[in-house]
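Below is one structure. I have some questions about it.
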């Protein structure tokens, strides 16, 4: 494996601030699929977009939780970002408010799925 | 028409802070459908949920924009909340960042639709 | 053009009960795309599935409205089925209830889009 | 814990008619998330909307199944409402028809997921 | 059980070319739900539509994978069609490209779910 | 405006092969939103992903059409890619087949919306 690009390095650094230890796990998962994936997908998501200035990472995670819960198609990633949100300073009270707001824009089933994800994140945080 | 409930009054007050003048227009629209709608739907959305403490209205609007853009099924309401977001203090730079973040979680077509909505909101704000 | 199959004839007959005059308009639209489309798509939808016994057409239209409103991706077809629902005996009061129920399962924006469609159907029915 | 509001009491009563014993389980789940959730979410869904007159509960459950199956984002809740539908008088034959109708409006994969949920509900009903 | 119709026979034959052995398993699953389902759903999907000329089966499977991954509501069926795609001649390299393209049109979470499905299909193919 | 990066140049070149003249129009639209958008979004979509080897552009456009039609949230972009597909060698017969296949995986309303888009593309091609 060649040295990671500067772009990938920045992406993995942001991912590490979302969940310490995640970069190695996520990169191994993507490398086992295809060696270009980490550079392409993480590079775009975390270096090109989420690493931009203009909105702080905590607020970005609040929006990510809201979007994933509203879309309802990525429960595992919603759980990850619930934990990541807490790691960037989102409080439990704020997560409760986000989840309730989801019920307004995406309906009660989306809210219920988000409650399930949030409870797992709260439990994981309680153990840490 | 009887006097609006305290709950509806609070809902309409929040709606007015999203866009001055919107309450009358929205309530007329809903009353023409069925007289219970404003109390039920606006009451739930704006008095019961969005009017809660815990997250300020500006951040709530940022999440609403992100959700509506990611879902991609309510372009007119996305345009409304783009304007509402600016009325609650979201800057153009922040809207740009939200729209780019949408591309990561919901794809480029959702981002492009959000750009269309944002440009209309920017233009409306320029005229105001 | 050859004579329509028995399956297509049954499909068009059901479509005519949804909205008198619709079969000719819909078939012309589909024929202009490809001559197999009416047989395939209308045959499946209206002869094979919706024409089955077990649930009456009125209740089927109530479910169709609910689904289209919840999915939020076919506003024109939602408007058609709002009218069709009324033609099969769904009352305005029942449409109001369906639309409010959509807000629970798919959120307020989906409900608002359904209100727009319902108001058009109510207006069309008023003119008829 | 203070006494439940009249609104929550009505919501839980309707939920009990959907599945005997569900209210305690659901409320415990929601209370463990945040004590306001049951009042807000169940109050809106079951007391404010689904408990309204105008459409009987059996027909409402038929529409709920259709919507959840068409949206495809809440398989667990679809299973619950398959059971609830049967508890409010929806027959197995009617569930079959709903599931087939879903294939028309939301496609075969949504229909297949609904078949999986329906078979679980049929099995649970067979054991009861 | 009566003899399968010619239409169902053609549908099951196409299904067998997607995954040897699948027809019996799928038909048993559908028959246990309702005896009309296989004829209706498989007949429509595989005999009426996918068995048509004009696009070869390999390219059809590439589009099916892309659609299911983009919609994000049928992970089990996405896994099936990942294997089916490989059985109709889609290479691992091509699956990688499809999955990356999904990230553009449906976002990174949809792409990540597709990677999970693809890795399972690659592993199953490695064991075969 | 500084000179476009090599990445953006490659993206715009691919976009020009989708529809001659599109690059200038699209870039103007994106620049009017924010000067970073073209580089970020078009760079990712067209240079990083769609410009990769492994699948020819014609087949990629077939998948893009299928995805956009199945998702149902970007009708304008579906129309663009219907035209682009024809510009990369997709025949009208193939577009018909794609649209019919969409009905299987995403339902008849998605298919009907795709028919509308396809007919506009056919008409535009007839005028060219």
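Note that the chains are named A, B, C, D, E and F in the order they appear, and that numbering of residues resets to 1 at the start of each chain.
Basically, a residue touches a chain if its C-beta (ideal position, glycine included) is under 8 Å from a C-beta of that chain, and two chains touch if they have at least 3 such contacts.
Computed from a predicted model, the values in this text were never measured in an experiment.
Peer 1: Contact counts by the stated rule: is the higher one at A-F or B-E?
Peer 2: Most contacts of the two pairs: B-E.
Peer 1: Taking shared residue numbers divided by all residue numbers at the interface, is the value for subunit D and subunit E over half (same) or under half (different)?
Peer 2: Interface between subunit D and subunit E is built from largely different residues.
Peer 1: Please compute the angle of the rotation superposing subunit B on subunit C (C-alpha atoms), rounded to a multiple of 5 degrees.
Peer 2: Here the rotation carrying subunit B onto subunit C measures out at 120 degrees.
Peer 1: Which one of the chains is farthest from subunit E, going by Cα centres?
Peer 2: Of all the other chains, the one whose centre lies farthest from subunit E is B.
Peer 1: Could you tell me which chain lies farthest from subunit C when each chain's centre is the average position of its Cα atoms?
Peer 2: Measuring from the centre of subunit C, the most distant chain centre belongs to A.
Peer 1: Report the chain pair from B-C, C-E or B-D that duplicates the A-D interface, where duplication means over half of the contact pairs agree by residue number.
Peer 2: Repeat of the A-D interface: B-C.
Peer 1: What is the distance in Å between the mean C-alpha positions of subunit D and subunit F?
Peer 2: Measuring from centre to centre gives 40 Å for this pair.
Peer 1: On a C-alpha centroid basis, what's the spacing between subunit E and subunit F, in Å?
Peer 2: Distance between chain centres, rounded to whole Å: 24 Å.
Peer 1: Let me have the rounded angstrom distance from the C-alpha centre of subunit C over to the C-alpha centre of subunit F, please.
Peer 2: Each chain's C-alpha centroid was found; their separation is 30 Å.
Peer 1: Mind pulling the subunit D residues that touch 2 or more other chains?
Peer 2: 40, 44-45, 49, 68, 70-71, 73, 96, 100, 103-106, 108-110
Peer 1: Help me check something: in the complex, which residues belonging to subunit D touch subunit E?
Peer 2: Result: residues 71-73, 96, 99-100, 103, 108-113, 115, 118-119 of subunit D touch subunit E.
Peer 1: Quick check on the complex: what are the subunit A residues that touch subunit F?
Peer 2: 40, 44, 48-49
Peer 1: With touch defined as at the start, can you tell me which subunit C residues reach subunit F in the complex?
Peer 2: Spelled out, the residues of subunit C in touch with subunit F are 29-30, 32-34, 36-37, 40-41, 44-45, 68, 71, 73-74, 77.
Peer 1: Of all residues in subunit C, which touch subunit D in the complex?
Peer 2: Against subunit D, the touching part of subunit C is residues 44-45, 49-50, 52, 54-55, 59-60, 62-64, 66-68, 70-71, 93-94, 96-98, 100-106.
Peer 1: Enumerate the contact residues on subunit D facing subunit F in the complex.
Peer 2: 70, 103-110
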